[in-house]
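Below, subunit A partners subunit B and then partners subunit C, in two separate complexes.
Take a look at the complex of A and B:
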């Protein structure tokens, strides 16, 4: 009964947010196109034969960067910016007095945006294959399903990290500056610019203890069929969710006591 | 006996405010060492509100009335004192409490800007656990009460302010709350839209016995909706009681403009003993205490040849303005 009610709430939220996102289809197409960093990186890697040093073939590298592009498309998070604006402008006030955590609204917004993004990402992939016909492959169904789960877990980790940072708005007002600091390790350590396997051994030894390689590198390797520790990767993703979720709940509960409802 | 639905005891709220001296020196100083001070915006206030009452909170800008409303609905955390609303501590935001209340802010909106209001109505309905059938029934009922129809299918950004406000109200009332917190609900609306909104609130209160706490700078909102007012001055309550009593106390006399048959009659009336405000030819304006209006008018009509007379109520804005600028009224 309770789960039915929650499901209905989330389903309605998703439905409404999807309708809302469809209003922004042009922007979403542009956002999808703006996520093509992995293709630039692929170009840099292959033109300089950098892949030879890490024993990855051209084909596997191009598949990796295509998968990194896909994972990024479905795990990109911007909740800190939305929440910061809503909090500073007082827009979050009406949501705070509804029996639904406002972050579920943002969560639904992100999922709806991902659904809207999907066809555009497919079109980009189609053009990628036209120019890289040798990279075409049909992923193993089991690995495909696992990589979908892993991409969703990656999205959850990023959503929780940003939500925790967003809650700092209750204390600092400009929490997005902290997010900008986090963007640097996310960019370099997540596998967006280079597969983590290419990093020096001493760097790899501690990178895998952080959540960053599980954001892009792990799901992208999984989907592209590169060798990776599947159970270890999934366990680390789940572990990070178990660490981040209670932390978010605690900071949310403390933060709302500090809320001053500015601008309203 | 009517129960208290809101009980506030010794409530205070302080905010930490940082201040900065002007100029470059002040900016650099502010960068290295922020000076913050605690500002007490609500000072030890207590009051009770009964179920079904409509209470107006009056006060100048920054007096603290909106802060009181925000604490009553659980949006902000009180610094000291206690608040009990419908048996709950609001700041805990328990689900059953939240299902009992609503907050409408004239300058803020909860409707999704790019979608028609109907989408927000159904979203709110599911948030408050209403099934589709019940939601449709309530949307229909409230649409009729608010006199909105096709507008609910037009994207919010294309609606007029009045239509948007009506839709905001519908979205905020779909769960039929028992307690309404309204912060300047008629802000920016034209006269007709203001009147319609007041009519709706009266009807809603009558039909559901909902308790309404209202702040407004439009005196017409207060006079037509609220029998009781709470005046807030610099975070403290300067008056809590019936609006009629406040008006009587602050405006004990009425002005009566009398048009006499001739200028001689006006002169006779001027010398009769009533306090005269002014006299222009055959028109004379006198001031009479509220308690003696009937007897004084009888005397005037019996003794003088009168063509016409007008009783002028002093403008309520002027009277309330006095309250807003003064600390205490001994009523």
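Take a look at the complex of A and C:
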């Protein structure tokens, strides 16, 4: 009974958000295009033969960056920006009285956007393969499933981190600047611009303890068939979710207690 | 007379926008940390590229730092002036407030391009200058008058090209209403400006010299710093800049003709 209700809620939310997102398909297409930085990085790597020093062939590296592009496409999170706007505009109050955590709504929004984005990402990948025909490969089914799972886990980690930051909106008005601050280490340490194996030893010694390499580097390695510690990576992702989720629940319950509507 | 009027108006703009931005003091502090981390991240990425190679596209690490410095300054200028103002155009058009701008006895392009200012971009500009001075020392560049004028000319040309690009995309809002993501696409392309143009493959180099003139934005000024730039390149940059400025101006006036106020 209860699970049925939850299912129905989630299904309805997804359906509504998906049709909402379809209205903005041009925007989402542009958004997909703005994620092509990994391809520029690939160009620098292969054009200067930088990959020789880290023992990855051209083909494997191009697959890595393509996968990094894909993982990034399906783990982009912007919940803090939506929540900040809604909370400044006072839209959070009606959400709060509904028997549904507002963050589930944002969560459905993100999932719907990913579904809308999928065809555009495929088109970009298609063009990538036209220019790099030698890097075409078919990942084996098991790895493909595992990498989808780990991409989803990466999305969950980022969603939780950003939701925690978004909850800071209850205390400060501009939480998005904190998100922009957190985005910098995510950008440089996640493996979007350079695979983590290429990092100098003094960074590699501690980076695997942070959540960053599990956001893009790990799923991308998994999908592209590069060497990686599968069980270690997945368990670290799950561990981070287990750390972040209670933290989010805590800050959410504190925040809603603190919350007063505009004009009160 | 006219110039004096615009100066006076600009002083008022500065005063009001600084006053409103300084309300968010912690926000500025967070932005400062973000700017510093972002610079550290870029240098870290550059050091990964150079860890086993002496040269990237014919540039040494010390020389590539010059590009990084110029990019940081330009990015700071973008964050201080272009970003806050030109994203405002989208809002003006969506909410119909562009009407209020158009009926003011002042040039509309002047008004929407300079109305706001975001002081946290200043630190990025200062950081960029520090990095540049450091580069001048480690590359043993002679500071003489011709070098100073050349670098001043090329950097101001870069600023004008950058402005025109931003303004051009924001102008298209008049037809497409929502262009946030087109701006994101521009941003991701401009990201390339952090690296020497020669480090990319030939086809990308062509693309970035013709369609999005990143070659003119960061590479030519850095070549001036190294004393590599020929006179024709500087002249070419001046010509390209004037073409860009004039076209963006013309495009704005043309777009205004198709502007029909909200709900008309």
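Methods note: the second predicted complex is superposed on the first by the 262 of 264 C-alpha atoms of A that agree within 3 Å, B and C clash if a C-alpha of one lies under 4 Å from a C-alpha of the other, contacts with A are read in each partner's own complex, and residues count from 1 in each chain.
Definition applied: a residue touches a chain if its C-beta (ideal position, glycine included) is under 8 Å from a C-beta of that chain, and two chains touch if they have at least 3 such contacts.
From a predicted model like this one, the values you see are computed outputs, not experimental measurements.
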Superposed on subunit A, are subunit B and subunit C clashing or fitting side by side?
-> fit
Check whether A:137 is in contact with subunit B, with subunit C, with both or with neither, and answer first, second, both or neither.
-> neither
Which partner does A:98 reach: the first (subunit B), the second (subunit C), both, or neither?
-> first
Please indicate which partner A:48 is in contact with in the superposed arrangement: first for subunit B, second for subunit C, both, or neither.
-> second
Return first, second, both or neither, reflecting whether A:33 touches subunit B, subunit C, both chains, or no partner chain.
-> second
If you stack the two complexes on chain A, which partner ends up touching A:171: first (subunit B), second (subunit C), both, or neither?
-> neither
More residues of subunit A in touch with subunit C or with subunit B?
-> C
For the combined three-chain view, what is the angle at the C-alpha centre of subunit A formed with the C-alpha centres of subunit B and subunit C, to the nearest 10°?
-> 90
Based on the superposed arrangement, let me know which partner A:259 touches: subunit B (first), subunit C (second), both, or neither?
-> first
Min C-alpha distance subunit B to subunit C after superposition on A, in Å, is 5
Considering each complex separately, which residues of subunit A are in contact with subunit B in the first and with subunit C in the second?
-> 24
Contact footprint of subunit B on subunit A as seen in their complex | 5, 8-9, 11-13, 16, 19-20, 23-24, 90-91, 93-100, 256-261, 264
Quick one: in the complex, what on subunit A touches subunit C?
-> 24, 26-28, 30-31, 33-37, 40, 43-44, 47-50, 52-53, 172-174, 177-178, 180-181, 184-185, 187-188, 193-194, 198-200, 203
In the complex with subunit A, residue positions of subunit C that touch it = 24, 26-27, 30-31, 33-34, 37-38, 41-42, 44-45, 47-49, 51-53, 56-57, 176, 178, 180-182, 184-185, 187-188, 191-192, 195, 199-201, 204
For the subunit B and subunit A complex, residues of the former touching the latter | 15, 70, 73-77, 91, 93, 95, 98-99, 101-103, 105, 107-110, 112, 114-115, 119-120, 122-124, 126-129, 172, 183
